[in-house]
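In the two assemblies presented below, chain A is common to both, partnered first by chain B and then by chain C.
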Partner chain A sequence: MSLALLSYRITQLVCLLPVTLGVVGTLLPSFGYFPVAGFHQLTGNYYEMFWQAPGLSSMVMATLVSGSLAISISLLLTITIFSVFYNSSSWKIWRNFLSPMLAFPHAAFALGVMFLVTPSGWYARFLALFFPELNSPPAWHTVHDVYGMTLGIVLGLKELPFLMLMALSACNQVNVSQLLRVGQSLGYHPIYVWLKIIWPQLLPQMRLPIIAVIAYSFSVVDIARILGPTTPPTLAVAIMQWFSSEQLEQRLLGSAGAVCLLVLTGVLMVGWLALEQWLVGKDGRCLINGIRSRLSLGWQWLAHITQWLVWGVWVTAVLSIVLWAFSWRWRYPDFIPSEFSLKVGLRYSDKLLSLLETTWFLALMTSVIGLLLVLGLLEAKKAQQRYALSWLYLPLLIPQVSFLFGFQWLLVSFNLDGTWTGIIWSHLIYVIPYICLALAGYLKHFDQRYLTVATMLSGRPRYSYWRIKMAMLLWPISFALAVGVAVSVAQYLPTLFAGAGRVSTLTTEAVSLAQGADYRVTGIFALAQLVVPLITYGCAFLMPYCIYRRFSMMRI
Partner chain B sequence: MKMQGILQLRSISLSFGSEPIIQGLNLTVQPGEIVALMGPSGCGKSTFLSALCGLIPEQFQFSGEVLLGQQNLTQLPLAKRQVGMLFQEDLLFPHMSVKGNLAFALPQGLSRHERHHQVMALLDEVRMTALADRDPATLSGGQKARISLLRTLLAKPQLLLLDEPFSKLDQVTRSQFRQLVWSYITRYQLPTLLVTHDSADIPGHCSQVIQLPYLGSTLC
Partner chain C sequence: MMYLKWGVHYFFGFLLVLTAHQAIAQQQQNTLWDNTVKQATKQVVYFNAWGGSHEVNRYIFWVGQQVKRRYGITLKHVKVDDISQVVSRLLVEKTAGRDTEGKIDLLWVNGENFATLKNNNLLYGPFSQSLPNYQWVDESKPSVKRDFSTPVEYMEAPWGMAHLVFYYDSSVLRQPPMSMEALLDYAKQHPGRITYPNPPHFLGTTFLKQVLLELASSPELLQKPVNQVDFAEVTAPLWKFLDQLHPVSWRQGKAFPANSSQMRQMLDSGELHVSFSFSPSEASNSIQAGLLPDTVKSYVHNGGTLGNTHFLAIPYNAKAKAAAQVVVNFLLSAEAQSQKMDPVIWGDPTVLAIDRLPEGQQTMFARFEELPAMLTSIQRGKPLPEPHFSWTDALEKAWLKRYQQ
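For the complex of A and B:
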């Protein structure tokens, strides 16, 4: 068996085994079969219990509202930004900041927004500068709102860079400039060329990422714990609470809930596929109605305002984290802290360093293993066919709570729960698909003749592979490694389930601190969580730059 | 000057799925001799050369024997065939300087000093020492082509395959580069297969011109 095929098989095992056995391991307890805890009787009682759970309708409502808002906001913003700003001066800013935005951990972003929108947050302090009646914090329900609207908006903003990067990659399959020229020559405004000609071609290519965003948005736990409703919470958070209960029966109830969430997500995915067909179906009425430029100026204005709002939220979220992390005294309604200090950071320095060490170790180990597996698997002949790697993205399409409980029992049966191996495995399930997304295009478009020439010249195939192919792909490889680190750092539920409560990372700590801790401490942990992927991204850009700065073809 | 072996192709067949391109071709190329393969774009010329290197694309089938001197290359991996190939593009490694590109072709086991000395001596011979530390992307088309040729020759191939190496050069550079290639083939006595779609690229002393038909009609 070649190394490439071996990587292919190992990756299949690493990614598919936890998902398939995990789903089975969640499905069986939902029907009352949970032999490890002494439940052997197959029954539908736990589904009944689930249907009668107090506040279920509110949980479902909050889940549907926040999830729908998230996918609508991220997709509409992606469509608007591409349609209005493609190749404009703003476009460069978007392109340059997409990777750092993607690297921004979900929990850190949610904490940053929390610092902005709480009744005593930065936005209220800003308004208090102009409205004296806001000199005491207003009674706004801006976080933990019953319908999870803030959660939905934040999720939408956080998923925006992911969808934009996927759209950029889809643009490579469609000749955008040519289509723009053809559309404009027929009298269509560029915005309408995008809406009527380009997007109908891009949307089917973005099916997988959009479905992944749906799966994530309707089942997110970490951001929901920070910003979502609390009594009752969203469905995914409630399921997690049932799974964490000491009463074993509650865990079976959690399994029933996880299966129902899986079904709900599946229905929503099918709903999206139907909507996509309706939107981009051949000769759709709105595509051939002949409208060429109606309200295009209004669209542009709206897009500019939205763009500034989005940038504003991102920038102020980062600034608020930094301010809280270094503030000592920041009374309401002061706009900026009256006293800055490193005292809080120093007080928690031991804990921070230990968490940084754990987080770095996990992220680097996971990313390096994931990278090697992906490099191997992309060289396998089996991976060259179209859709050959679709299975790799399965973990992204299934809600985490719907299989991680089952996966935990798989780890328990191999004595791997709470071990580094178990946690690295649980992170690899998510790190591998993202590394593959980041790298596959570059490897596919690499001109193999360079390798042929190098092998002919040196007579050493492996040497040529590393010295030529890998060296020429150093930038995408280091970028993929940074993506892997960012994905690993952001993992919350996999760390909780596989770590069995024995291993804490910056993310698990930041999420638990969000529930009532001192903002200054939360700020420090959010900042530390932010620093890991940003340093990695910095290195990923700097290293190839320093090595190849003399060679113009190797510049980014 | 080392005498190279004779290239012999025996009963070579190449097909694309069920469509034969070449059937039962027998060919002998003497050291220093050039045989040209002509044909329109997409007729399988480049695939034929790749197949001689052992690189057969998935949809193609290749059979027959490739002998070079006393050695049967048919089952040998690319790394052991001692074949040199020039493509349409120069394919200079973009992350290495001109010197680095040339040094890559030198055999293993040489010291850093020896590598430097050999590369500089070669560059000196063609009056290109000033280019040693240059980024390949900053060279002209003609300079890139010459460095690519020198790199191929430094690896001491026993057989030279030319896959339309002149087609991307301008008229003047093209003519100069052709003369340089022919002179090196004679000097190193390399059996050479040249693939082209332009009869102007075929040298006067070319011993044989094989016309490849359009895909679908077969060369026997």
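For the complex of A and C:
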């Protein structure tokens, strides 16, 4: 077996085994078969229990509202930004900040937004500067709101950079500038060209990322713990609570819930596919009605305002994290901290350093292993056909709570729970697909003739591979490594399930400290969580630059 | 005379044998303990304990340094959000047949979690009475022998005392409400400023129990298992109270804070006017940590408030049982207990009978400075006993059914 085929098979095993066995390991307990805990009787009772769980309708409601908000906001914003701002002055800002925004860990972003919108948050403090009646915090239902609206909006804003990057890479498949030229010469406003010609071609290309966002938004746990409703929580959080109850039957109830969540997301994904068909369908009347000029200025204004709002939220979220991290006393309604201090940071410095070490070690190990596997598997003949690698993205389409519970039993039975191997494995499930997403395009477009020439000259294929192909692809490779690190750093549930509570990373610690409601500590951990991917991105950018500082052609 | 002489001889002989026997027993005990200490060296103890408080974490870190230096034991604090997760992990390990090499060596536990562990034979022991420092434990405290009505039977070692204490900002509130009825009146006058943590969080459940203890017509029924009383009848005053409180509480009772820390934060920002904690030192610790203004003061209700003991237990499949026992013994020493009781460090009341300790050790407990936000044990009064452990689950379930629509 060649090395390429070997890595193809290993990747298949690493990515698919946990998901398939994990789903089975969730499905069986949901029907009452859970031998490790002494349950052998097949029964549908747990589904009945699930249907009668107190507050189920509110849970489903909150899940549906927050998830739908998330996917609509991220998709609509992506469409708007591309349609209105493509190649405009703000386009460059968007392009430059997409990667750092994507690398921003979910939990840190959620914590940042929490600092802004809680009734005693920064926005209320800002308003209190002008309205004296806000001297005690207003009774806003801005976090933990019953329908999970804040949760949905934050998820939407966080998924925005991901969808935009995916749209950018989909743009490579469609000749955008040509379409724009042709459309405009036919008298269509550029926005209409986007809406009527380009997006109908882009959306089918973005099917996978969009349904991945659906799967994620409807089953997120970490952000929902920080911002979501509490009495009752969203479905995914409730399932996690059942999984961690001291009563074993509750775990079976949790499995039943997890299976139902899986079905729900499946239905929603099919729903999106139908909607997409309807939107871009060949007989889409509004696409071919010929209207090209009736574009109100209001649209553009709205787009501008939205753009500033989005930037405003991102920037203030980062600022509030930094301010809290360095404050000592910041009581409501003070607009800025009354006392700054490094005391809190120093108090946690040992802890932070050891967590940074763990997090970085895990992230680097996972990304390097993932990168090697992906590089190998992309060389395999099997990977060359179209859709050959679709299986790789399966983990992104299954809600985490629906298979991690089963995966945990797989780890326990191999005695891998709580070990580095177990955790690295659980991270690889997510790191590999993202590295592949980041690399596949570049490897596909690499001109193989360089390699052929090099091999002919040196007579050593492997040597040429490293010296020529890898060297030429150094920038995308180091970028993919950084993506891998960012993905690994952001993992919450996989670390929790595979870590057996023994291994904590910056992310698990940040989420659990958020419960402690000491915003200064939360700020510090959010900041630390932010630093890891940002530094990695910096290195990914600088390394090729330094190595090739004498070869200007090689620097991207 | 002769007989007498013989008698005296016998008597002395008997005494001799007796003392020798005792001495041997003592010695055996000592050598046993020496062996335990010897075995413990170089072992790693995974101590699963709630990790949500900086003071507690810092104290456990200090303990880790001490046992490393004295016994060569490595103490790893596994921080958990809720110890019930650990209990369920143990249950699964047991059913999965992982009877040795368990991943948990020591855990911080009490109440229904202890009951679950004990009833499922998941605990190592009895062990606590054989620890050299156990002799100083104050067994006259009822909650040391019975944990939420479950007989402890030395299957867990007492570690510290919890007592429900309320606190408020005296610059906002002049006279705090000293009973549940007064609290309800206050909430009616100041809508949105009173709340309690979301059951099944233990502090939320504790609030329910406190209401019930104050309002129930015969509170002694709570000491019985739930299935032996008329639950609906006993709890009727509680639901009546909550139905009145919720419309005037924070967010009209449609949402609740997750825990006591969140309540503390909301008290600081002025969103709430009264908060409470199971740790008598929470208010003073928070003032020191810059989390509350120094105008915050503590109080307890007129009829007294709930109190209990928290314990340390060793799972049956723990890998480092010897080292875990050595750590528990250290935690029971006057040094560790007084360190823990120091309000500047943690402020957790001791389980030792201070007056029985050797004099040199008694002074360790006499050096604390008085902090204005903290009540002395005399001011806190005698704690009310926890209801039977079965009430916890029953109250939580009933609450969820009624208020989580």
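The rule is short, and it goes like this: the second predicted complex is superposed on the first by the 553 of 556 C-alpha atoms of A that agree within 3 Å, B and C clash if a C-alpha of one lies under 4 Å from a C-alpha of the other, contacts with A are read in each partner's own complex, and residues count from 1 in each chain.
What we mean here is this: contacts are C-beta pairs under 8 Å (C-beta built on N, C-alpha and C of every residue); 3 or more make two chains touch, one makes a residue touch a chain.
None of the values given here were measured: they were computed from a predicted structure.
A.B. asks: Please tell me, clash or fit, for chain B and chain C sharing chain A in the overlay.
C.D. replies: fit
A.B. asks: Once both structures are overlaid, what angle do chain B and chain C make about chain A, taking C-alpha centres and a multiple of 10 degrees?
C.D. replies: Placing chain A at the corner, the angle measures out to 140 degrees.
A.B. asks: Considering only touches as defined above, state whether A:Arg449 meets chain B (first), chain C (second), both or neither.
C.D. replies: A:Arg449: touches chain B, not chain C.
A.B. asks: Have a look at where A:Leu42 lands relative to chain B and chain C in the superposition and call it first, second, both or neither.
C.D. replies: neither
A.B. asks: Looking at A:Val267 after the superposition, I want to know if it touches chain B, chain C, both of them or none. Which is it: first, second, both, neither?
C.D. replies: neither
A.B. asks: Looking at chain A, does chain C or chain B touch more of its residues?
C.D. replies: Counted on chain A, the partner with more touching residues turns out to be C.
A.B. asks: So, A:Gly459: does it touch chain B (first), chain C (second), both, or neither?
C.D. replies: The answer is first: A:Gly459 touches chain B but not chain C.
A.B. asks: Mind working out whether A:Cys546 is in touch with chain B, chain C, both or neither, as first, second, both or neither?
C.D. replies: Touch partners of A:Cys546: none, neither chain B nor chain C.
A.B. asks: Examine A:Pro137 and indicate which partner it touches, taking first as chain B and second as chain C; both and neither are also allowed.
C.D. replies: It touches chain C, and chain B stays clear.
A.B. asks: Using the touch definition from the top, say if A:Ile468 reaches chain B (first), chain C (second), both or neither.
C.D. replies: first
A.B. asks: After overlaying the two complexes, what is the shortest C-alpha distance between chain B and chain C, in Å?
C.D. replies: When the complexes share the chain A frame, the smallest chain B-chain C C-alpha distance is 49 Å.
A.B. asks: Overlap the chain B and chain C contact sets on chain A and report the shared residues.
C.D. replies: In the superposed arrangement, which is not itself an observed complex, chain A uses no residue for both chain B and chain C.
A.B. asks: For a test of understanding, state which residues of chain A touch chain B in their complex under the given definition.
C.D. replies: The touching residues are 447, 449-450, 452-461, 467-468, 471-472, 474, 547-548, 550-554.
A.B. asks: Report the residues of chain A in contact with chain C in the complex, numbered from low to high.
C.D. replies: On the chain A side, the touching residues are 36-38, 54-55, 57-58, 119-120, 135-137, 139, 141, 144-146, 229-232, 244-248, 251, 328-329, 331-332, 339, 343, 347, 412, 417-418, 500-502, 504, 512-513, 515-521.
A.B. asks: Write out the stretch or stretches of chain B touching chain A in their complex.
C.D. replies: 53, 55, 77-85, 87, 89, 91, 93-97, 104-105, 108, 135-138, 151-152, 154-155, 157
A.B. asks: Going by the contact rule at the top, pick out the chain C residues touching chain A in the complex.
C.D. replies: So the residues of chain C in touch with chain A come to 46, 48, 51-54, 78-82, 84-89, 91-92, 95-96, 103, 112-113, 116, 192, 198, 251, 254-256, 258-259, 261-262, 264-266, 268-271, 289-291, 293, 400-401, 403-405.
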